[in-house]
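In the two complexes below, chain A is the common chain; its partner is chain B in one and chain C in the other.
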Partner chain A sequence: MMRISLSSLAIGLAVLALMLALPAIANQGVVFFAAVTYIYIVFAFSWNLMFGYTGMASFGHGAFFAIGAYCGGVLVMKLPELHFLLVLLLAGFLGLAVGLVVGFVVRKSSGVYFAILTIALAQLVFLFVSSSSYLGRDDGYSGIMPPVVNLGVGKLDLSNGNNYYYFILGITILTTAALWRLVHGPIGRRLRSIQQDSQRAEFLGVNVAGYRILSFSLAGMVAAIMGALYAPYLRIATPEFAYFVFSAQPVLYTMLGGMHSFWGPAVGGIIFGMLTYLTRTLSGFSEIITGFTLLVVVLALPTGILGIRSLLKHARRSGERGKTQ
Partner chain B sequence: MSNFFWADLGTTLFNSAVLSMSVFIFASGLALILGILKILNFAHGALFAVGAYLVYSIVEWMGGAADLMQLVAAVAVSGLVLAGIGLAADTVIFRRIRDIDYHYSLIATYALLLFTEGLIKVIWGVDFKSVASPPEVEGSLIAGGVVMPWLSVFAVATGVLTFIGLEYMLNRTNLGKLMQSVAVDPWMSNALGINVPRIYTLIVVVSFALAGVAGGLLAPTTALTPGMGIGLSLYAFGALVVGGMGNIRGTFLASIALCTLDTFASSYLDLTPGIAFFLAIALILTMRPTGLTRGVGL
Partner chain C sequence: MTGRLLEARGLEKSYGALKVTKGVSLHVDTGEVLAVIGPNGAGKTTLFKVLTGETRLDGGSVSFKGRDITTMSAHQRVRLGFGRTFQVARIFPEMTALENVIVAIESLGSAGPAPRLRLGWWPRREVAELGRHYLKEVGLDGKALQEAGFLSHGDKKRLELACCLALKPRILMLDEPTAGMSPGDRRQAVDLIMRIKRDHDLSIMLTEHDMGVVFGMADRIVVLNYGELIAEGTVEMVRANERVREIYLGSGALDA
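Moving on, here comes the complex of A and B:
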């Protein structure tokens, strides 16, 4: 049984209340930015499923986001009567299917080879979508209209007011809950054993290659769902999603927040999001600040911001031990 | 008809040579850091761009139209400036990421890439810039119906010269042999009295300088943008993996093989440039998850 401490419950409720109240207290720009950040954070959670839990650092995860974004965009435009939740699910299954194939290809690769292999595969997706005239070539698939979602009790027009914001909030919370269950269950423990020592895990009977494929394809599925959720919000799906630079976004969030904690990417995403928002008008400075922050984190705090807590705890504990002896 | 065929084939071969040598010039600096420090430097593309922009600024400062000698001088200056930056980067970054998990070193160099790109945007702006090609290399060499711009011939020649120079340095000089021994076994080299940290610093400096020289030399052939090095660096990563992780000879051959394949596929099969290249890498890495060669040494 998982114990949830009172303080984390309080933090969770406070964050939830703030997210629900945001459209009432902040301007449209901030609300839009917040919704985008939620999507990016779940995208980063899915990346950390591979990295923090299974020990695979993909530098091409954006390809799955792009697959989902294009799939979602095309389905919303060509089959408007299709339920949007079904569109998200279909995009997710496409991501899962591609993830299974790619996962099979990369299952034995590691280190720099894995990094370059994932870059090469993502680049193939990038070249494919940016040269397909059906998908709008370099300009992207544009003019995607936010759909109307039939919720059973009534219809929710996502192009109205803050409806899309709340829809994104709902979907990202649901996906996060599913991921949380996954990594705190038996599968999560097996994945973690691979991250810590894949040889020993293999020796203890864990099907390492199989779980690597599973982790890779589930991460692809979540990323694709986020892409499909994102494209109608932005009203465009562009090849940039599959580009190397976009794929580094989740890496950034995770490293900044801490890879060993489930919530690390969220903390990193919020800090990174605020940095980007505050520096958005200064061309160039945002990269300088981001790059600098990331460098300081990697060189000085390789466990991320949430890692500081465990470092402090560790220091305090060894301090106490010192006193009693 | 057969005349067209041969001219077409000649043009495709020439284009392959131009692409291969551009990729190789770019990849050579990366190969040194990867082969000896075992670090894949994501920032190399941004350093390449800095080299190009420096040459742009020097040429502008000299009055806007440089002849070949002035361009070469500007390239040399940009190489020197990058060497200085390399020394600083080694002290601040590379020295600290040598012995940590490779994930962190990848991420650290990625951070350096972002930082450098931002710096370029702040200093030079985001608009396209261009460096005029020197009057000596304007026009084209026409042989057997194949039109070869002198500037491209110059780029190919530079690539071959870079290869010969590096091969000579690594295999025929004392320093090169020291570098090779450090690449194979740093611990043993240290035990035998080689100053390993100094070799590491030297490698970073030389690699940065090569990035500056490459960017400067290729500057007249492309438009300058802050992200200009990213495309080439993706190609170079591929050539490095297939060529054996820092093996200069392997990287040279892999650049030629992959770029020729890609150029032929795009001109005869009408594929988007890059598709054949990355497909080949994915196939090779699927069948041989650790590349084609053993990957030790240069």
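Moving on, here comes the complex of A and C:
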């Protein structure tokens, strides 16, 4: 069925080479910005697992990012001897558990109802972390030190040089590979069938409610892992992660890049990131330019930038059909 | 092979204050084709919905192969042997025809259990081959890799049938299988359904507006009017029934 084409392999290797070489060719600011963008992109991938693949539009996905960030931050500070990979995993499991419970509650809600329930979840998390004095209230949980990771062959101190950058690169690539494999296998096919026609899927024996819960909680797990990866890098976990502006970010990435393509959020994230970086000194203008770009893309290309490919494919096909008829 | 395959007793369903199904009882025997007819608004589609598990019943019970399935969800009924098609063919438009069938095969696991650890993401060869086999059976073998949304109306109906077959059903629930087709296509569709029924030893329950199709396919007919079952019997019995003639009076439908 689906094989990887040579051209996409070439693009992938080129991007990988650029990401590996980045600290050698760019300044610290760019490197920091790139690492943050990688995390945001995988966060957006996890959102698109729900939206693009399962047809569930969540506007409170930041809740899971926040849960992971606080969980990771607290574990790193209170249990410094705990292996950082285990911290990420624990944060992920917490996200998964919350996702299972909430997913079970909202499994039958769709469309606007689902969206509102997810906003409510994010608000709940926001209120909880911003009113807990243990978690630093409105100021956030600060002073998180990047941990030292024991890799078996040696110790990697994440506060040194570009170590954290490479660590983030490694984790985000691994997570992306896992997600890619998931959506391109039988489970992904089932999720896509739900997105395209949930009733038909149910009548082909797909447990629609069950797979909705699965999609929601796996997305929550990945988002939580990203949060736990992010907090020690930023050295702070703030209630902002659960704020709706933060939850809107993966939505924007996906709209910009294309929701029906796995790589859509990555393309959107890179463009979004570059726009933000290039306009960072133009105070006030930054938002205008980003907003304008988004407006143009959504109006001109409702399926996003990567959606151009399938539009071209369809145009070619209907052209062929016109010829034969 | 005979015996009760599907049995419904005292089905009650209302939408708010509106009673749509009023104590309907019916059954489908193994190997039988049962047609449900009745004027628009008689409750045929609602009957289909409660039998297939799409909506919950307010009263009454449904059993299948002797098992009570009244509270079972739709996908569980599918696994027991329900195949369902819709008035307007419903397929996954952004998948290829083959992928559509593969979703059904994988959900049932009918190509045998998958190996525990598999790095490849494309469907296993057995799954793809089985999918092509079902497509061939409905005459879509040349269109396996076409995106389903681009198939013609008739081909979408065929694809829906192929997906149902992949579920290895015992009974096909067909909601107006020839709706929106030209007379020539209708005959082809009926032939195809009857051939599949023979080859797979299936029972069928269908609703249909076209009396030619009904009389051509059905072993037995039940007639619904305002949510009540008003007649039941063989084609001849129903055609001769006074009350049925009254409902269809002047339409000439029964003389088809």
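Throughout what follows, the second predicted complex is superposed on the first by the 313 of 325 C-alpha atoms of A that agree within 3 Å, B and C clash if a C-alpha of one lies under 4 Å from a C-alpha of the other, contacts with A are read in each partner's own complex, and residues count from 1 in each chain.
By our rule, a residue touches a chain if its C-beta (ideal position, glycine included) is under 8 Å from a C-beta of that chain, and two chains touch if they have at least 3 such contacts.
Just so you know, these numbers come straight off a predicted model, no measurement behind them.
S.K.: With both complexes overlaid on chain A, does A:P186 touch chain B (first), chain C (second), both or neither?
M.R.: second
S.K.: Is A:L218 touching the first partner chain B, the second partner chain C, both, or neither of them?
M.R.: A:L218 sits against neither chain B nor chain C.
S.K.: With both complexes overlaid on chain A, does A:L124 touch chain B (first), chain C (second), both or neither?
M.R.: So A:L124 only meets chain B here.
S.K.: Tell me which partner touches more residues of chain A in the superposed arrangement, chain B or chain C.
M.R.: The partner that reaches more residues of chain A in the superposed model: B.
S.K.: In the superposed arrangement, does A:A91 touch chain B (first), chain C (second), both or neither?
M.R.: Once the two structures are laid over each other on A, A:A91 reaches no partner at all.
S.K.: Using the superposition on chain A described above, determine whether A:V267 touches chain B (first), chain C (second), both, or neither.
M.R.: neither
S.K.: Touching A:I168 in the superposition: chain B (first), chain C (second), both, neither?
M.R.: neither
S.K.: Examine A:G205 and indicate which partner it touches, taking first as chain B and second as chain C; both and neither are also allowed.
M.R.: Touch status of A:G205: second partner only.
S.K.: Where on chain A do chain B and chain C both make contact?
M.R.: none
S.K.: Could you pull out which chain C residues touch chain A in their complex?
M.R.: 52, 54, 73-75, 78-79, 82, 84, 86, 90-95, 98-99, 102-104, 106-108, 114, 118-119, 121-123, 128, 147, 150, 163, 166-167
S.K.: Where on chain B is chain A touching in the complex?
M.R.: Going through chain B, the ones touching chain A are 34, 40, 93, 96-97, 100, 102-104, 106-108, 110-122, 126, 226-227, 230, 234, 237-238, 240-241, 245, 272, 274-275, 278-279, 281-282, 285-286, 289-291.
S.K.: If you look only at chain A, which of its residues touch chain B in the complex?
M.R.: Contact set of chain A toward chain B: 51, 57, 59, 105, 108-113, 115-117, 119-121, 123-124, 127-128, 130-131, 244-245, 248, 251, 255, 283-292, 294-295, 298-299, 302.
S.K.: Considering only the defined contacts, which chain A positions touch chain C in the complex?
M.R.: 1-3, 181, 184-186, 188-190, 192-193, 196-197, 199-209, 260, 317
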